[in-house]
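Input: structures, listed below.
The following pair of complexes shares a single chain, chain A, combined with chain B in the former and chain C in the latter.
Moving on to the complex of A and B:
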């Protein structure tokens, strides 16, 4: 009698579900957006004019596809908005996270440590819509009245940092980046904190024995050891930032048909734009609008995978460099 | 042997769970004596439905209504797919959509309007005058300053500030964008050919323009930005007043500047009421008549003629008949600043409602 192995089979089936679900999503997106890919061609990626066309007119045939008159789909502005806001968020979040993780693992009083760690982790579970609300009522006015004038006063000689070239309303690239930075700081902090805690005791004791100060031990011995984990944490955070929808939608100012000229200019990100356009796209009798939104999702997916791959390559190179 | 008994245990567990689920299902089925209708869609109609439902359910104990605010496009799509019985929409369905879904009815439930509001320090108490072409100029970036000659000409004697205008538009798909862009399209040929109208339009890139989410986002953007201008659904009039924002007079087809009041909205509805076709899909924007307010619209229920069964069909008919008659009483509508449907429109609606079957 052959042995039935229900445990192993069940686990295998459950484990398979995850890659299967991923494959199903990619397959669906590609299949659903197939016509849009054909209609839009490569213009999709490097033009900035997005127009659903006249949804109340009779559809016309263009390039062999049925579309509303005047329809044109170009997403360069959303790609730029997504990448700019995410990379700025990483730029803001990494120094804060490294500082916080170092404080937690080295300088925080032992009795306080579990509480402080819990507080940091709590930030990670705040729903994104709450961040969005906080953004609208606290951050955006703060940027409009204080942060923008301050940045303009110091860096205003560069057009990109001059608020007079934008609405000055507070909604825009900077607001989106700061909200994103807040959302990803706990991810980077906790991964780095765990890595710092796992640095071998011998290593730091040897460093002390060589006469290093506390700061030198942390900066020169512990951080390099945790570097790979730090990059991993940043990649994870970047993935979150690229795909964040609600909070960004609420504070980004919803730009359409132009690229950000300053750090204060309104932007749109790909994820946020899909959400904000879906309702109107549903009214397109030719369905090309919804299919083009699916194509945005596909492009977003590809960008996320690319960013991940590059980061993994970085990690591998770091490891190799150290082993060499 | 051991793994066999484990297997048996898990099978038993599974069977138990299945029985439990089946039991629950039966429980739900036997409790379902009443018909439940689902309404989803327009965020502008949503507050009115919430005012209606308790009164309707009290009068009709056999019917329960759940409401949801998801957006007009979603309301139309879900009603077509049969996911909900009633889709709420500020915009009527296009010819193209109707051609694909010939069994769908567009039934007006009430009349809504839209105000143009602004935050202009010192002038919020003053009703500034705007025309369609001037608003089109502001929203396409050809009129950029508050003291531009085109605005000054409409407002003689008013000291307008020399400051950049911040035009605010909706980023989400919206019936408010639909009726606002229709006003611009019907009054300004250049806007009509370049941008046109829809629940989302391809807003021209205006230096200093701003996007906002939903009517609450529009009010918030007005409050937060001096020198901004925005279009807001009239059911938000209370919030506009509370924030001491300005409300504009709009130039109508007859060339007169009018405020959105009960009188001007009713005048516009009366002017186009006779033109309403039997399927009731018509724009009420830029109506003729000296007293007509130019931005008003029917709020629609989007309903499939063919419902799942007779009980559901009867319940839908009861609800729609109640909403467009008893529901049009002043006590309900005044809370959201909507206006009642004219008698003739209610008669057209009754004929459409009669087509709904199980």
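Moving on to the complex of A and C:
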């Protein structure tokens, strides 16, 4: 058995390129942003002031690093924007996904079911930038003219839901969250749909035998068995939402250095900010701005890796439990 | 069968009445939830198709972008170069890794690779773009270039391709492998001539889906491929290259209608490729169970 197997070794070497790529991403992002990490310290995560400083003056030494005068890199506003928009997106997406999965697996006419399921799957393959285009052309005007005034009229007595305290342009937290919600619903819906289809027949029949209505059977008997899978799907969707770039960039309004005061306020997310700021950051002769952008990428990477790891563990555990 | 359970008997007490009402309202809400997903998609496809098709002309395919007007020839060719280029790099690696995971992957190392492949799939594309920007565009001095863009897209789709290949190879019955080994076949013969050949439809599906992902990607390319108003001259490095998704992103923010028309035309072209591949793959997959 100790014979060398060249083909197996070659394939293993090819497969190892994947961990290698991941390691390279961490290594080069960390190495490139090393000075920024040193200069920014923990202020990076806790302050709301992203300021490139005076790019035309001579650089000055601060904390042992050469930076433009007045430069400060604090990304709290973007962290808040990222978490807030993703959280709202999950809040919108979960009830819709659960309802849609129940409809598809139980109520959709059998002959149309494959087509309707495909329709939901297709939402997941629409490129992000096309969602952004649709967002600008359809969703943002819809929000500005109908949704925002409606929310303000009903919930406007609370400060967070009053469009008069915002720009009212339609671009902002709400638009970003709705587009994100639309992009992640297929992930949650298909995960739950698969789980519902695997619920043992006996369970459903026992519930019917006890006199439950069809809705009670699905909502009270089948749905609880898919709970952990559902949570896994939600966390997976969260991972996608946190890193989404183009669609959010196009409809979020691009805020700089302020926290969203209402759900209609423009925001920036970490991913969108990295993309939109490269041109201005390149003007920095000390390069500290570009390195700070790399630090944002590193923070975003760490967050999404953690979220995805949790999701995979949750989803895998249920699959194992089911096969056992 | 459900209809039988939902039919309301003639005499009911209050509790039963409430339960039947919940049943009807619950399914109504579920149907509404489905519509909340389906209607935006249909509206998106319709909007892009109508606005995009009205911008189609011969000149769209024969002239290049000029500032914020003109045609899309440079972008169409650029998208083809970038996505096909990424496939040339990603297909051998992804399929090779898939072979390893499926055929020789019942060990700890493979489990780790599997987990990290999923992690890489979940990595935001903008992070990959920034990584490539640091290492290739700046580090290796390639500047914005076709090669940097294609490699970035390849890093994105390799883990995806590896997992799809693994899944399709696993469906090949073990008895086929055993039969081949019994006849004295070597590892590489079994893997390529027997297993890969039997699973070819699934693997090709994976390659096509990867192509659809590459064609629709934007964020990592802005950092690596840059943008160019001119036709690609064939240089792999030191020459930026145009692509369709860039047109969608930037031209929609221009104030003039010609730019908007170009953005929608580009969106329609991208959507045609993405939807054709995804719908086609699903139709074929459904036919052979």
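Basically, the second predicted complex is superposed on the first by the 292 of 324 C-alpha atoms of A that agree within 3 Å, B and C clash if a C-alpha of one lies under 4 Å from a C-alpha of the other, contacts with A are read in each partner's own complex, and residues count from 1 in each chain.
FYI, a contact is a pair of C-beta atoms (placed from the backbone, for glycine too) under 8 Å apart; a residue touches a chain by one contact, two chains touch by 3 or more.
Computed from a predicted structure; not experimentally measured.
When both complexes are overlaid on chain A, chain B and chain C end up clashing with each other. Looking at the shared chain after the overlay, A:250 reaches both chain B and chain C. Looking at the superposition, the partner that touches the larger set of chain A residues, chain B or chain C, turns out to be C.
In the superposition on chain A, A:310 contacts neither chain B nor chain C.
In the superposition on chain A, A:258 makes contact with chain B only, not with chain C.
In the superposition on chain A, A:112 makes contact with neither chain B nor chain C.
Of the two partner chains placed around the shared chain by superposition, chain B and chain C are both touched by A:136.
Of the two partner chains placed by superposition, only chain C is touched by A:294; chain B is not. Once chain A of one complex is fitted onto chain A of the other, the partner contacts of A:123 are limited to chain C, with no touch recorded for chain B. Of the two partner chains placed by superposition, only chain B is touched by A:56; chain C is not. Contact with chain B, but none with chain C, is seen for A:283 once the two complexes are overlaid on the shared chain. Of the candidate stretches 130-138, 148-156, 184-192 or 202-210 in chain C, only 184-192 runs into chain B once the two complexes are overlaid on chain A. Chain A residues in contact with chain B (one complex) as well as with chain C (other complex) are 5, 7, 136, 250, 278.
Those residues of chain B that touch chain A in the complex are listed here as 3-4, 6-7, 10, 70-74, 76-77, 91, 93-97, 99-100, 166, 171-174, 196-205, 208-213, 217, 220-221, 224-225, 228. Partner chain B is touched in their complex by these residues of chain A: 3-7, 49-52, 54-59, 68, 70, 72, 136, 140-141, 144, 166-167, 169-171, 249-250, 253-258, 266, 268, 276-283, 285-286.
Residue ranges of chain C in contact with chain A, taken from their complex: 2, 5-6, 19-20, 22-23, 26-27, 29-34, 36-38, 40-41, 43-44, 47-48, 51, 92-93, 96-97, 99-101, 103-104, 109-110, 112-113, 115-120, 122-131, 133-135, 139, 155, 158-159, 162, 186-188, 191, 212, 215-219, 222-223, 245, 248-249, 252, 263-264, 267, 270-271, 274-275, 278-279, 282, 286.
On the chain A side of its complex with chain C, the touching residues are 5, 7-8, 10-12, 14-19, 21-22, 24-25, 28-29, 32, 95-100, 102-104, 106-108, 114, 116, 118-123, 125-134, 136-138, 182, 185-186, 189, 208, 213-216, 219, 236, 239-240, 242-246, 250, 271, 274-275, 278, 293-294, 297, 300-301, 304-305, 307-309, 312.
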